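Below, chain A partners chain B and then partners chain C, in two separate complexes.
After this line comes the complex of A and B, so read on.
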């Protein structure tokens, strides 16, 4: 046994260490994905027998106006969320100054990261409340009345996405703060000697060093926008009249409330394909950045 | 007009006095090398000249202009960093032209300056490459090229050669000296490598614990160190030190005693501050120690046993155990004496021999470390 181990450990050690992760990934991600695709080709209520329907679920999806509302809302989420990396960078630059008391401020900015998304949703639900919410207090100062954002089909998605933006900004800020801590001090010094300052220092010397972190921030933000679910569930449950639904929430609703697991799985598959496309694009960019910048 | 003038430059870090009222004047076109052990403040001093570090009090004057409160980019300096600090996302040409670009110079002028610098440094082939595609020596040249394009009043070098291998270091040393001759600009160079200091400098500034110990030409510092620290810092192998006691003081000199050698008189020094019983240090360079057959007048001799021999080809270094006489503060960390013979020697480990030195070659340092022996004449070059 010891001889066998000595001879084979060069490949067995990494294999054994990888095994738990691979098993988990295989079961929870790969197997589940394949099963989802499989279910999407059936008509199934989640309990009884599955009936093979081929691509019928996808055909129905293509003609479902609710699907396009969800897709459009996901795009709105995406656009609003894209504000998070630049705003997060801005805050990171401000908070990174060596000023007394900045540490306390920094930790205050971390707060939304500690809160569960559901908590953020509930809190923002109160903020938006037209009767006693914070927003109404502010409007009241100017003698106005808050529109009922969450019950207005034109505003609901924007209001929910804005609430989701808050922790996302904090998350991006943390990423950029870590990046700012790793700046090469000599490079900054070289920039100062070369006479770069202010915006041009940021643009030519600081930002290029943050490109890796920036890429991660954008990728995580896009994925966050695409899989948004909990905020919608807590704040509007997709309403009013399904106007603030997103793909992930529509999938949940079709499967759990309408017992249409096959249809829900079809929505999940479409969302999956969108994400895969994005991740492929992301990895390509990451590899290219690594090749040109390492 | 002087090129760089430091007036009572003082710097504190939290609880640490990094620079203690440094006064230094550097003439136009001079190549000044600042040396000292790590933590002596040499890099800090360079960064205060660059403006990358602020100072607590004092003045930095460059070309007659007080720049103490000015940004590094406005001081008329250029700096070459130990890490090269090249912008990784820019090409070699962009790196070298960046300073002029930040100064809003027209593109034609930038291109011309980059081309000229590339010519001087033989980088024409590399202009379109990124820093990571270059070798260490080439990166170093780009860093120097970036400094040249700005045509600064003063070049600052922060240990620029310490990341290069030995062969390349020698080559770059020669190139830098050539560059200095070609450009004629003031250069201030920080290093911990005394070979760089001795070979390149017009003047050496020896720093220790935030203070300037001595300023002078390499040969002057080598022949006439102002104190124990400079004597021990310059020269490899290091000077041998013997702790001794003053027996008596007479008009021309002193009589010294150390464990292991009979008391002897030493002249040619300023004994005014000495009294019997004072602890002093005798210094003798390894090349001034030799193997003697018999003692003559004016020679101090002591017997010993060879513990280690280093055959370097051109020279032979012996480590001699002369107990009970002890060398203090030696490179090897032992009480052995270092003897440098300028020839190949057949002496082996274990050989017993008598070493000796001429009193005229020896140094005497007072209780406070100051050199008491009178300056030795430097052979004119």
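After this line comes the complex of A and C, so read on.
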């Protein structure tokens, strides 16, 4: 046994160490994904027998106005979330300055990352409250009244996504701060010798070195925007009348409240396909970056 | 050096063993049942959010343990989370007793064979004699599948001191109602406090309007999917409702908050009345509760008999329970008039048994008196119709309250849903 172990451990050790993770991943992610696709081809209430309906759920989805509302809202989320990487980069550059007291400021910027998203949602829900919220207090100072953001079909999604943006900015800032700490001092020194400073230093010396971090920040932000669910659930429950739902929330609502697991699974599958496209793009970028480094 | 290697490999091996064990445990955990019930063990899953009621349930369980020697385990779940969890635990890992809602929501599980027929318990304890008409709430095809718990009578609640101050009386007819709304508005109050974030209050308002316009039978036909949502019988309901919306009867921005905040507005005298069940009390400070009073929803179309929403919670024995006999014995003890009375008094609900001790709560007593004048009852929009229909329907009704001009589109959408579900 020990001889067998000694001879084979160079591959068995990593294999065994990977095994628990792989088994869990296979069970919880892969098997569940395949099962979701399978369920989406059935009419199923979550308890009784499944009835095969082929692509009927997808046909219905294509005619469902609510689906397009969700899809549109997902795109709004995506666009708003795209503000997170540049704003995060801006904050990272500011708090990265060596100024007294900057550490306190830096930790203040971290705060939204410490909070659970649900907490952020609840707090922003209060801020937006038209009767006693912080926003109303500010408007009140100027003698105005706030629009009831969360109960207006035109504003609800923007208001919720703006709340979601807050921790996302902090997250991007942390990524860029880490990137800034890894800057090549030699390159900066060389740039300085060549007379680069200020904007030109940033544009031609610092930013190119942050491109990989920036890529990760964008990819994580895209995925964060697509899987937005908790904020919607806490702040509007998709309302008013379904105008602020996103795909993930619609899936939840159909499966849990309407007992339509097949239809919910079809929405999940569509979301999955959209995500796969982004993840493929992400992996391609990651591989290309690794190859160019090697 | 050799020693180093052996210690290293043992720790590594131990580590692997440990991970393996953890993995096995986590995999098995999902399959494991919440408790391995023995013959003398009774497990209960409750969804009680009221602390007083939980305490009484625990007390009764302890008393029963002492009396019978059986072990009673109570697992309490969050009320909303329980609504989704019940569907999985009834299939895998059912307790011996669970809390749920009577009527259509119970029927959904009965039709899938997930609730046990407890007609034998009804016969043994002669429950039909003390329950009377309430038996129908837990009956499917002449068999009983649960025990009815406290009932909630829905209606308009108001503050006595506010009404006395303005010299108002609860409106009885539609004309009264419109005049009352104007009076409340000129007093700077919202006539009807309402928060529709959780959707159901809009469904309740629809119930009351429809019951007052079309009566119980037509309302139930609609709930059962036998009447189209585009049927002309609903025209006066939405016309009249539209008048109220246009007249500014309801809380502004009502879709951004829930009933708790709407109830608080009633307590703070910012609103004159509110359509809810007796649990509106929980939005009131203890000292203000005596000011709370009940009035029935006003008459809308003259000559329609009085029908009300009266929703009844219930307890059930899952079909997959392991100790069905023990569950029956415990329920018989729990359902004794004095025990049930104490349990329901904590919630302020109306006891289903007619031999429970009279309540000390004036609101409960008033509701009991009112109930005697009611000709027939439905439960509530989301308890009477299919859950899928209820979700779409309540969303549509909320949209109508915000954008009444979209009425035709909304009703067509609901009709499409009705057709899909009921055929």
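Everything that follows uses one rule, which is that the second predicted complex is superposed on the first by the 290 of 294 C-alpha atoms of A that agree within 3 Å, B and C clash if a C-alpha of one lies under 4 Å from a C-alpha of the other, contacts with A are read in each partner's own complex, and residues count from 1 in each chain.
We adopt the following convention: a residue touches a chain if its C-beta (ideal position, glycine included) is under 8 Å from a C-beta of that chain, and two chains touch if they have at least 3 such contacts.
Computed from a prediction, not measured in an experiment: that's the story for all the values here.
Superposition model on chain A: chain B and chain C are shown accommodated side by side without a clash. Rounded to the nearest 10, the angle at the Cα centre of chain A between chain B and chain C in the chain-A superposition is 150°.
Contact with chain C, but none with chain B, is seen for A:13 once the two complexes are overlaid on the shared chain. Once chain A of one complex is fitted onto chain A of the other, the partner contacts of A:135 are absent, as it touches neither chain B nor chain C.
In the overlay built on the shared chain, the residue A:195 is in contact with chain B alone; chain C does not reach it.
Of the two partner chains placed around the shared chain by superposition, chain C is the only one that A:148 touches, whereas chain B remains out of contact. In the superposition on chain A, A:162 makes contact with neither chain B nor chain C.
If you count the residues of chain A touched by chain B and by chain C, you find the higher number for C. By the touch criterion stated above, A:239 is placed in contact with chain C alone, chain B being left untouched.
Of the two partner chains, chain B is the only one touched by A:205; chain C is not.
In the superposition on chain A, A:82 makes contact with neither chain B nor chain C. Annotation: superposed on chain A, chain B and chain C show a minimal Cα-Cα gap of 31 Å. No residue of chain A lies in contact with both chain B in one complex and chain C in the other. For chain A in complex with chain B, the residues that touch the partner chain are 184, 186-187, 189-197, 200, 204-205, 208, 211, 292-294. The part of chain B that touches chain A in the complex is made up of residues 47, 50-52, 71-74, 77-79, 81-83, 85-89, 98-99, 102-103, 130, 132, 146, 150.
Those residues of chain A whose C-beta lies close enough to touch chain C in the complex are 5, 13, 16-17, 20, 23-24, 27, 46-48, 65, 128-130, 148-151, 153, 236-237, 239-242, 253, 256-260.
Partner chain A is touched in their complex by these residues of chain C: 9, 12, 16, 19-20, 22-23, 26-27, 84, 87, 90-91, 112, 114, 196-199, 252-257, 387-388, 391-392, 395-396, 398-399, 402, 413.
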